[in-house]
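Presented sequentially are two complexes of chain A, the first with chain B as partner and the second with chain C.
Presenting the complex of A and B:
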């Protein structure tokens, strides 16, 4: 029974990890930008959900409808106004730039929202469901379904919509895409906007489960990093596989060698993957 | 030309006057340094400490200041934020001594940072009071200038264990989960000793990493062991998270204890119904009834003053910070001097009842005269179970 419980915990948590990582993976894999603001975007999304519920009693699933366009706009503008200026520079330049922007964003959050933890507590609480002795909290289930939904929407955008195909085309061959009439700057901004929107939505879902503080942004960013390396960049299904793998390692590792070492274990695996399989489980060669 | 020379001369005169005024006022002030984690994960605790110091400073200044040899000195507290980063706490402490010229110090928050910073205050021979450090490792360094207002950790776990074993003889198996941090881990280790000494089986003892967000796998494992007593340590945010995830997984036990969170009103407010019957222990409680010789007088008067200023009930962290200030005040007045060694000796010799309880420092500098209260959340209020003199109710079994 314990094994079944740990497995279910890992599956649910894995979907949430995938949701945290997918926007990060998109931006890294497609734009070749390691967006260190990603964790702060997630935290901002969580604050948005918390604020809407606290002041207007708007449930987090409705907050998603606001978070998606709002964060898309923020991401779009950041890309157009700031990042686009250095998009063709080596990856270290964009990395440093997003690091600096994240410092500003995170410190602004600490200043205005304080370092204290906030918690979005739904009234009445959603409780848990129990099946054959295996218990799953309903809020995690709701967040998991929503996370899977978001992942599927991104998949459809990239596969079915013209803008999605343009995003992939620009990543594969920027010059050829220009010749085919693709506006590269707009496409990059749309991709970055999508990444930000996914981060904001992930934040809304995380607010249902975890406490909210600007300081948690590093934890989210760390998870996103590991998931991307495990799953592979530029792959929607890779993010999902990476998320579930990470949650499994943490869950089983915690039971086998103690919770204090679970994070160490996941980072050790990350190093192994970087050496043995840098493209990740489902990533495409050339995207690593 | 003449005008500009006049102007520059008058500026020089004004600057000199300003200097002499500030020098005079500096002489009339006693500066206390308080490095605190005002931002970062420990910020909620830091704000409590700051409230406690500020209340004391306000009361001391209202009474004219601290009397030293027939002269009254105003209290000034110099705060600095070390952002919940222990190495920075050490740096900040040194800066306060060398640049801010503080006369005396309050330690940074918690056992870990207090221990780290104590090496600096000892080096400069600055009398220091730790208001929130309980682990004996902080005081067992052989330092002369460090004092602490929290009794050792076993003074919390032993009375708690006695109450549980007396009132719930069916409790045989204990699970302990501790934040991997100096104070929470030390208190968990004391709990393990107290439980074993009482003949209980410690079926689970694990640490979780600082910053852990998901405890579900750990809690599933604890649930599978079916302990009758679940004991969790950490800071308020950790404990709220663990308690919520326990409820998510429908983990129930006759006894659930958490240190240190339930002493704070924020824990009760945030945990809601799941806080019910959670037991804990702390170094002070607003129900205490001491008739102190310090500036606050009775415990009831302290609670009243605190409520008037902050519109909330004080908890042990705020009270400990206030008493740390009040103890400095008494020691300085007794020493009749601002000389650091004389004040240090006066602190070492203190044997006095305060609103916080009887205060007497042991040979290692840690207080050894207090009997910390054990309490339980009942009907959304902390109810004191022991010691007998301030007991408010009886222990109840069952945490759902």
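Presenting the complex of A and C:
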């Protein structure tokens, strides 16, 4: 029974991890930029949901509709105005640049929203369902379904929309894409915008479950890292596999050697994976 | 020895004269300046010479602080404790480097970044040895005079800085430095012509870690109390990079200048805008990378006509 509970928990949490990581993975895979702002975008999305619920009593699932375009616009602008200038520079430059931007964003959040932990508590609370002795809180279930929905939307965008095909094309072969009439700078900006939008939406879902504080942004970023490396870059299914694997490892690890070591375990695994199989579980060149 | 290396040594020597101004504030600032100098110069061996974007500085800074702190709590004197932890971290980094430095680009950056997290969690959880989140108290050295104490730690840190500068100059002029430059230019080609790139990178990583962790050890003794979130702060990994970027990547003199310039900026910001200091640091990084990609060294070529340089 305990095993079943751990498995269900891992599945639920894994989908959320995938949702956290997928935008990050998209940006990394397509632009070859590690966006260190990703964690702060997630927290900002959570604050958006919290603020809307507290002041206007708008439920988080409606907040998604606002978060997606808002964060897309933010990401698009950041890419167009700042990141496109250094996109061809060495890794150190892009990495340090996004770190600098994250310092600004995170400091602004601490300054204006304070570092205290906030919690979005729905009234009335959603309770939990139990089936054959396995208990799952309903808010987690809702967030999981929404997370799966978001990943599916991204999959559809990449698969069906012209701009999505352009993203895949640029990732596969930048020069050939240019020859086919793809505007690379716009495509980069759209990809970064999509990444930011997914981060914002993931944040809205996180607000349903976890306490919110600017201080948690690095934890989200760390999860995104691990999931990407485990699952492989830029693939939707890879992010899902990586997320569930990470959640499983954390769950089993916590049960066996104690919750204090769960982070060490996941990071140690990250390093092992980086060395043994840097392309990840499902990593491949294009993504579909 | 090139002219810029001579200037580097002169600059280090000039820093030693700081206690003439005597004030405790000047001493504190000087000690921090030496520490930043050590971190930036050490980072430059891996990040500047070999071109590997390492974010592991904080990991070895914390390792050194804790290793020396624990040894000192056992009653070992400061120099022995620092030397022992530096040696240990040379070996540790050499071994870890042999594995991690097979990764390139972003993958190496992440691996080195996660090293910080792993070390922090390990220290956090080894409560018996390190005190966990409660932190570790390091016994005061014998001296009771505050000023004498401050002067002692300043010179300890300065001596380390001088050693680091010497190490960097020796590396730059040696076969190792040449090999690292080859690795930065084109690693595959360097490997093909018979350079043992793994060995070279591991030695560079080990050297860099060993001086960083010595700085951590002196820092721990200096502040008498350390906790994981303090010494494993990711900013210790990022600041040396920013300093190197301010000064200009790869040139040791530029990097030390960068460290001093950074400290100056930090002091001004800390003193006036304590609540938004990390935001200001962020703005500095962004402006630097967008408008001054070669750091302060970009001005040098405008001020002095550059002579062609042969390696």
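Details
Keep this in mind: the second predicted complex is superposed on the first by the 284 of 288 C-alpha atoms of A that agree within 3 Å, B and C clash if a C-alpha of one lies under 4 Å from a C-alpha of the other, contacts with A are read in each partner's own complex, and residues count from 1 in each chain.
Everything that follows uses one rule, which is that a residue touches a chain if its C-beta (ideal position, glycine included) is under 8 Å from a C-beta of that chain, and two chains touch if they have at least 3 such contacts.
Since the structure is predicted, the reported quantities are computational estimates derived from the model, not experimental observations.
In the superposition on chain A, A:263 makes contact with both chain B and chain C.
Of the two partner chains placed by superposition, only chain C is touched by A:32; chain B is not. By the document's definition of touching, neither partner reaches A:170: not chain B, not chain C.
Touch criterion met: A:275 reaches chain C, while chain B stays clear of it.
Applying the stated contact rule after C-alpha superposition, one finds that A:116 touches chain B and leaves chain C untouched. By the document's definition of touching, of the two partners only chain C reaches A:103; chain B does not. With both structures placed on the common chain, the touch criterion links A:158 to neither chain B nor chain C.
Looking at the shared chain after the overlay, A:22 reaches neither chain B nor chain C. Across the superposed pair, chain B and chain C both touch chain A at residues 260-261, 263.
Chain A makes touch with chain B in their complex at residues 1-2, 5-6, 9-10, 13, 110, 114-117, 119, 121, 125, 128, 130, 135, 137, 139-140, 210-211, 213, 215-216, 219, 250-252, 254-255, 258-263. The part of chain A that touches chain C in the complex is made up of residues 28, 32, 34, 82, 85-86, 89-93, 95-97, 99-108, 111, 218, 222, 225, 229, 260-261, 263-264, 267-268, 270-271, 274-275, 278. Residues 47, 51, 53, 99-100, 102-103, 105-107, 109-111, 113-115, 117-118, 121-122, 124-125, 234, 238, 241-242, 245, 275-279, 281-286, 289-290, 293 of chain C are the ones that touch chain A when the two sit in their complex.
By the touch criterion given at the top, residues 39-41, 43-44, 84, 177, 180, 206-209, 211-218, 220-221, 223-224, 237, 240-241, 244-245, 247-250, 270, 272 of chain B touch chain A in their complex.
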